[in-house]
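In the two complexes that follow, subunit A is the common piece, with subunit B as its partner first and subunit C second.
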Partner chain A sequence: MPIEPTIKSRPIYGTLSPQKGTEHLLIADAEGAQAILDLAKSAPEGFFAAAEIVYIPRASGEGHVAALKALKPARFYDGPSIAAALPRLRQTFATAHMGLRVYLAGTEGLIGQAMLAATEAGIDYSSIQTEHRGSLARRVQCVHCKGVTEDVTTQPVTCAHCGLTLFVRDHYSRRLAAFQGVCINAEDRSEQVPVEEVFP
Partner chain B sequence: MSAGTTKLDVTVADVVPVNDLVTRFHFRPTAGGLLPTFSGGAHVVVEMREAGRPPRLNPYSLMSSPLDTSEYTISVRRDDVGRGGSLFMHRNVRPGDRMVVSYPVNLFSLDLRAKKHLMIAGGIGITPFVAQTAQLAAEGGNFELHYACRTASLFTYGDLLQERYGKRIHLYHDDRGEKIMLDRLLTSQPLGTHLYVCGPAPMINWVVGRAAELGWPSENVHFEHFSAPQPGLPFDATLAVSGKTIHVGEQQSLLEAIEAAGVDPPYLCRGGVCGQCETNVISYDGKFLHNDHWLSEEEHRSGCKIMPCVSRFEGKSLVLER
Partner chain C sequence: MGIQFRKETFRDDFSFKNSPEHVRRFPFPFHEDSYMYAVNIEPHKPGPKGSVLEFPFDVDEHYVSEMEDRALVLAEDPLRCQSLPHMTLAGWDLLELLMVSMAESYPEHFTLTRDGDTWHWINRPLGIDDTFVFGDTSTLPYGPMEYITRQSQGDYCILDQRDGNLWMDAGIVTTQADWSLDFDIGMNFFEWHAPVPLAHEKGIFTRALKFLLNVQQGQPARRLNWTMTINPRLDTSPENYHKWGPDRTTVTPENVGDKVHLRVELQTFWRLPRSNALVFPIRCYLIKMDELATSPKWAKRLHRVIRDLPEELATYKGLTRYRPTLVEWLSKYDDGGVTSPGFGPD
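Here is the complex of A and B:
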């Protein structure tokens, strides 16, 4: 399902395609593996010999690990969570040279957090390839307690930190790699708002 | 006078020969005080007035430190085969002369988010970097300059830059066979480096081409051409909006001919890079000689647009939306 741009800060994603470069870092989670496998179809000779794949299978992706390894990347890493992979990514960026190209695919949470690490290392966000695949689940930051709730699929959502009922806005912060969640029943906390699954 | 090119009255404070080809000019505000602030990479358009001919308007990069706006300095390389603007500067301009220059315009600015600035200069293309390095040094910025020139005697500001910045300056003498090891240089830069190049067109094309090939995103690559209008066959053009027909002489640019007819289109660079003078073509019968670095190849082929500061036309008729 394509993501429709609503307001300016809402990220828009594309389709991964091989770029000219001396090294390639491909980061994906869950269904994002499929985007890498699709990119491989048009990748030039030698592309994966200069590539590193960082993959977070999550619930749905274990089946893709073998297919990704079969691309024979120079390095392959799979980890339990984005949070666990981030220090490694930061280390890679810190020692990398110009010519490294970055490709991100999968959930918005993965794309956003990896993008943040990449831009902090000095990569211009418009030179990073992104492709959204799989779940529309969002990373949401509560504007009240600042806590981040991962994998939000409902509207509204209960803040995992302070328990407020949050309306998930389309307002997205690149700096936080999260959408904004604002208390929906601030006037009357006892008011019950129906919860719907809107980010499947 | 055109949008964005507000003028400044200046007095020539000093004229300093630098070497056989290059002379430096210092301008101070005639009314006293300070000149407008600028950032490294900016240029001004210098008006050269001579009795009996339309003024010459040539762009020159500011090479003085952006931290000192008590004066602007430019360095002009003598060009014996051009239309005489640089020769006029060398031969006619004396201390005490009053001149008019435009407000500074920067089409080659530093990206200050860069983790490092890698600069590559050829010949007189060094001028914007003299200002940029002064700006970066004051801010504690990380930079490295690679500068190629034909011979030691023409190494304009090579010594000065080495004196100021030591090992950050790398000089390459063509006549000693010294060459910039471009691929090695481009593949060994830390992530977040921005690349800047100014010099002869073949050098710019070489550097920009290798950078793209080696995976430098275009966002990180900046360049400036010191282009000038090229002479060509004379032609006529009709200005549909102002209802005039003009003749463009062999040595004249289309922009200059439009101005001579009393129409003032906007401009900033007069070198085909800023995009200000972009003009719609209403109809034509003939072929365009596009010399700009602004329009896309597709736009060049479409025959719908022309940059009159540097581009020409050959053919039967040309009607412009001016």
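Here is the complex of A and C:
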């Protein structure tokens, strides 16, 4: 299911394509592997010899590991979670050279958090290639307690930190890599709102 | 004679009210009987004596109590005041703008003495007497933006200007109409306005941004914005929505006059000299329906505005739940006759 533009803060994504650069850092989770494999079809000679792939298979991606490794990147990292990969990514970005090109693919949570790590190291977000693949799950920051709930697939959702029932807005912050969650029945707590799976 | 500062609250027992003189000077935001978003920007020129536009930054009878409310909000939630690292210079610019202006407009309340970089600031209403070195943050108890805006009514956003856009890179926001600085900080003009209905499609934000990018130093501009608030609560933040949201269910035909408030924001735009940033003060004025209805013209006009307000705007402003009760109450003041042009009472 493609992500449609809604409001102006809501990110939209493109299609990965090989860029001119001296080094390439490709970061993906789950179905994002497919975007790297598709990019590989049009990659020039020697592209992956100058590339690092950071891959977080999550629940659905183990089957892609072999295919990604077969691209023969200079470095390959297979991580258990986005959170676990972030310290390593921050280090990579902090020591990156000017010629580094960054490609992000997979869930919005992966794209958003990796982009944040890159921009914190001074890389301009508009220079980063992104492609959404797989689940529509969202990272949601509770505007009340500030806790982030990961992999939200329902509307509304219960805040994993304070327990309020949150309406998941399209309003998105790059600095937090999260959508905004606002108490859905704040005015009348007795209102029961049916929970629907809207970000499968 | 100086301003008589009221001792009052914007929470719990809500003792806030306007004196009769302040009711008359209320910045009523409707110049006609209907309302729609527009690029309503004009030069911020001095207005009539006694009006909220007399001075560049209006200080009124609510000053001391508003500053106490701000301190309470900040103690509970320090994230209401944030400044990205590159914004400190703009903070000093703002400190200068406010101190110079407040001391000039209200010499009986504020005094600024400058000896090179050594500045002496006296704020009598708040009992502050500080000497500091301009540009040296270690000589102030807070960063420059926080220091001066803890002494100045209204919220402040400081916008960095780059790449043909404005970026919300610093601010202090404790009297807001339901938006979060902590969430919006770092966003550009179009991103932080993203939740506003209809205005993007009308091209309003594209034109407004173009105007703002060209605001020159010494030539500030202004506009009015408005919403409604139940009880005279300054801190209607999304952070605390689960605490104040229930107020919206408490409106009855009997208490409309006391509980329902028109909330008007006098927004001004100023270019800052050293940083080239733009500062956007958002000054909030509250008036309860009983006070507003002391002007027959205002009540009549507000009736028509609220009754005919497009649904998208009513929803965005959070009026839906109590709009029918409010319209019914206001209709008592509407004899169907014509209203005079302009903002003034009568």
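The criterion applied here is as follows: the second predicted complex is superposed on the first by the 200 of 200 C-alpha atoms of A that agree within 3 Å, B and C clash if a C-alpha of one lies under 4 Å from a C-alpha of the other, contacts with A are read in each partner's own complex, and residues count from 1 in each chain.
As a convention for this text, a contact is a pair of C-beta atoms (placed from the backbone, for glycine too) under 8 Å apart; a residue touches a chain by one contact, two chains touch by 3 or more.
Given the structure is predicted, the values throughout are model-derived calculations rather than measurements.
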Partner chain(s) touched by A:Lys20 [first = subunit B, second = subunit C, both, neither]: first
Subunit B versus subunit C as contact partner of A:Gly99, first or second or both or neither: first
First, second, both or neither for A:Ile82, with subunit B first and subunit C second: neither
Subunit B versus subunit C as contact partner of A:Val182, first or second or both or neither: second
First, second, both or neither for A:His171, with subunit B first and subunit C second: second
Subunit B versus subunit C as contact partner of A:Met115, first or second or both or neither: neither
Dominant contact partner of subunit A by residue count, subunit C or subunit B: C
Subunit A residues within the subunit C interface of the complex: 7-10, 141, 143-144, 146, 164, 169-171, 173-176, 180, 182-183, 186-189
Subunit A residues within the subunit B interface of the complex: 19-23, 93, 96-101, 121-124, 126-127
Subunit B - residues contacting subunit A, complex: 113-115, 186-193, 212-220
Interface residues, subunit C side, partner subunit A - complex: 79, 180, 182-187, 190-195, 200, 238-242, 245-246, 248-249, 321
